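After this come two complexes, each holding subunit A, first together with subunit B and then together with subunit C.
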Partner chain A sequence: MDILIYGVINSATLALMALGFTLVYGVSRLPNFAHGALYVLAGYICWLLLNRLGLPYILAIALALGLVAVVGGAMYQLILVRIRGMSISEIIASYAIGLAILEGLRWGGLKGGTFTLPAFLEGSVDIAGVSVDFQRILVVVLGALLVGLLYFFVNHTRLGLALKGMAQDERAALTLGIDSDRMAVASMALGSLSAAIAALILLPLGSIVVEAGYHVLIMAVAVCIVGGLGSWTGAILASFVIGFAQILTTAYLGAHFQVVVAILAIILTLILRPSGLFGKQKELEERV
Partner chain B sequence: MFEALGLMVFYENMLALNNVSLACGDNQIVGVFGANSAGKSTLMYTLSGIMEDIAKKELMAGGERITLRGSINYKGRDISHDKPSKRAKAGIILCPERRRIFPESSVLENLKIGGYLAKPAQAAETLEYVFKIFPPLTKIVRRLGGFLSGGEQQMLAIGRALMAQPKLLLLDEPLLGLSPAIQYWLAKSIKEIAEERGVAIIVAEQYARPIMPIIDYGYILENGSAVVEGDKDELMNNPDVKSAYFGA
Partner chain C sequence: MPKAHESRRKERLDRGVKVRSDGVYAVASWREMAFLLGPRLLLIAGLLIMPLLLMPVPYWQKVLTIICIYSMLAIGFDFLAHYVGLVSLGGALYIGVGAYIAAILNTEMGLPLWATIPLATVLGGGVCTVLLWPCLPLRGVYFAIVSLMFPLLAARLIEAFDIFGGTDGIMGLDGFPNRWSEMYVLIICLLLALFALRQLVNEDVGLVFRGVKDNDQSVKASGIDITRYKALGVFIASSLGCLGGACLAHIYMWAGISQFALDFSIIPIAATVVGGGGTLAGPVIGCLILVPISELLRDFGTLRIAVYALILMAFIVFKSEGLMSYGARKYNQFEHWVEI
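Let's turn to the complex of A and B:
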């Protein structure tokens, strides 16, 4: 029973971590390797606002989310726009930005386990004999809520539909007056926002450490590759596959196998089904 | 209203458009006819600004060097260096070659994405108009774009372009791959659209026969140059055009 409950929680955690990454790639074909850094940055900004400026928690959260979204958008506008379309350069540049942010934070004093955010709700509850604290339940609830919100956004708002069009056929979208650079900024801002949301939901469970940035990036990449790059359904399904695999190995082999599972999932996917569970690597090239 | 002067497009050293000038007045339908590789699509991409974007991408990826020359004037302003999105906002909407329907979106969603530039009231009104002029679309609103027939795709592509509230509609090979019956029906619809929506239309086609009756003025493109131009009667009575396009 605890495998089931913690499997769901772990899967929701992974889905939260990966959502922003898959969103940006799905819409703009931009591999945002600064994803993990933005995650840690959100936590640290929130911590600063909370502890140095003494702002109320809600306000600190809102400000941190806004700031990280701006950082993400600015990252595209100032740097990535210059190398648009060269995917290797995009990976290198975004990873470099991520490194700069993460190691900059470490240099600035983000070390040790003393940086923590308070849980939204204290306390725990028994589900079928397993004790689960409220924050972990919130992870599942808010994770589902975020997926729902993003789904609504992409399918029913003007900007969301424009992003969807841009993702499917850039040239067709251009003819309709949708601007590719503006859409890329929007998607980066949105992806960073989801990374920040994930951070603020998940970080109260542990402490804010630089290593989390690398961990989140690996998990996001693993989920996206297993699910099929840019596919939402794939990403969610893959978080459940990897999430449960991790909990099972933790229960029967040991906790230090968690990252091994993720990497193994990447390797197996690339060998057996390179486009991922739901990936469409242009199977149907233009039919005339 | 719309005038292009001395357009030249080079792919590396290959001349794709050679000193092409054309004009289109309010509510006019202008035809551009030519065989494959005559430069029709290059012309349409240049007019809509997509060529600027292609050239930029090629430059970044270290691919082909594309050079553009000439000027495009629209409503008394030189727009030849405007981005595609800016030209679209000004009302120049391209319905691209091979339609480029969004394959994973339903018919309705394709149209909604097309309405990006429209205000909600305009979008609702245009949506109704699209279904009125292309009734077959009403039966397939939920079908995905990738599963449509050629005729359905073309109706959807034109409908989607209309959603963007064009003042000048550029149609690139709208008749490609359609049966003769549908070709004539679609040509008639294009004429209706021009009249009912007050849109100027430039249509590039290799099948001149169905389009010729609906145009006000036309150009014949050959190897990147506009070799003949004239109004409907002048073109139809030109012996070269007659032999090449009407088999007489």
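Let's turn to the complex of A and C:
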């Protein structure tokens, strides 16, 4: 029972971490290696607003979300747009931006003392004999809600449909008057927004540390690769596969193996089935 | 003022001396020979004299050895990325494997330093090649991501299984007899590696490598096993990294998890981008610039990582050709604006 409940929670956590990454890659084929940095940035901005400026929690959250979305959009508009299409340069440049943000934060802000955000709801509840705190339940609920909202957004709004069109066929979308660069900015902003949402939901469970940035990046990459880059259903299913695998190894082998599982999952998937469990790309395109 | 690209363009012409020294007639006069040999001798002599110049500041002699280690890694990265077409983001794997093999050979089997370093180079190259073999069919982003994951995995596995000394690492390696041997072994290895690789890429095998990079299908169609050539490329690049790793382990007399650290993956890439990809000498120049910057910023802790990440980003976005290609162009050609 333990394993089932914590498996679900862990899977929802992973899905939250990966959503932004898969959204950006799905729409603009941009592997955003600054994803983890945006996650930590959101937490830190929220902490600053909350503790330095003394804003109410709700307002701080809203502002932090907005700011991170702007940062993400600006990152694309000012820097990444210049190297669009050169995938290796994109990886290196976005990774460099992420490193700069993370290590800059470590140097300038996130050192000494612990930085924590308050939980939305205190207390815990017993589910089938296992005590679970409200925040963790909230992770699952909000995770599901976010997935639902994004699904609705992509399939039933103008901007969402435009993004979907871009993802399916960039040229056709261009001929229909969809501006590919503006869409890419929008997707980066949205992706950063979901990284920020994930951060603000997940960070109250622990403290804000720079290492979380690297951790989130590895997890997001693991989920997206196992699920097939750019595939939504794949990403969600993959987060359950990896989530449960992690909880099982933690239960039977030890906590050290959590990251090992994720990295092994990446390597094995890429070797055995590079387009991922549910990837739509033709395998021939990805492999030689 | 009208924008440059609207009314005029830059015309580039080869300098006379460049044209004359391209062919066999280069030996006709000292001037042409000097033109050809100048930059090469500058690098060789510069590197060989550097330890003497740095004599008053032993700390910077240490930095020089680190520069050489990073340079070897960076040359390997450049070779693999621009001649074989495999972008390996996990240089730390090579350093770590080299360091651990040297450490095990030295402390467990009692082999002396002059045996462990060559052995670690060859064995380490072999181990890295075998590890990366299954990933060789992948290309582009996918190979990059897997190779980025390997050093992380290696560090976690050593931590989780508590093997090879676990988090403490392996201590008590032999050091170099003195700091001169330390520096000159590395400098000579670096120069040999640099000129050997430059020679290699112009041989037949280099042609196949470039074929694999540019159009692997057609190489395959010619009946050449591309995976084997990729493996050979990985072996060459990882051997260089392992050589660096083995020397590093002997310099610090210690091998540990931190030798799988991010620095070893990111600095060589930054150096290659700054120095100019595909030039092989460029990465060395990049390291000569970046590593001292990173050392100067050591007091500021992790700020140095942020700084070279920013330098890397600026170069990749605004000056992607790199310093070496820029310098070579200025050295070989006139440039002037022409109205159109």
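Following the convention adopted for this analysis, the second predicted complex is superposed on the first by the 279 of 288 C-alpha atoms of A that agree within 3 Å, B and C clash if a C-alpha of one lies under 4 Å from a C-alpha of the other, contacts with A are read in each partner's own complex, and residues count from 1 in each chain.
One rule holds in what follows: a residue touches a chain if its C-beta (ideal position, glycine included) is under 8 Å from a C-beta of that chain, and two chains touch if they have at least 3 such contacts.
Fair warning: this is a prediction, and the values are worked out from it, not measured in the lab.
With both structures placed on the common chain, the touch criterion links A:I83 to subunit B and to subunit C.
Once the two complexes are laid over each other on the shared chain, residue contacts for A:T233 go to neither subunit B nor subunit C. When both complexes are overlaid on chain A, the residue A:T114 reaches neither subunit B nor subunit C. Counting the residues of subunit A that each partner touches, subunit B and subunit C differ, and the larger count belongs to C.
When the shared chain is aligned, subunit C comes close enough to touch A:I263, but subunit B does not. After overlaying the two complexes on the shared chain, residue contacts for A:N51 are found with neither subunit B nor subunit C.
Touched by subunit B in one complex and by subunit C in the other are residues 83, 286, 288 of subunit A. The touching residues of subunit C, when paired with subunit A in their complex, are 81, 87, 89, 134-135, 137-142, 144-146, 149-150, 152-153, 156-157, 159-160, 216-217, 220, 226, 266, 269-270, 273, 300-303, 305-306, 309-310, 312-313, 316-318, 320. For subunit B in complex with subunit A, the touching residues are 48-50, 53, 57, 60-61, 83-85, 88-89, 93-96, 98, 100-105, 109, 112-117, 146, 160-161, 163-164, 177.
If you check the complex, the residues on subunit A that touch subunit C are 31, 79, 82-83, 87-89, 91-93, 96-97, 99-104, 106-108, 218, 221, 225, 254, 256-257, 259-260, 263-264, 266-267, 270-271, 274, 286-288.
Chain contact summary for the complex, subunit A toward subunit B: residues 83-86, 155, 158, 161-162, 164-165, 168-169, 171-180, 182, 284, 286, 288.
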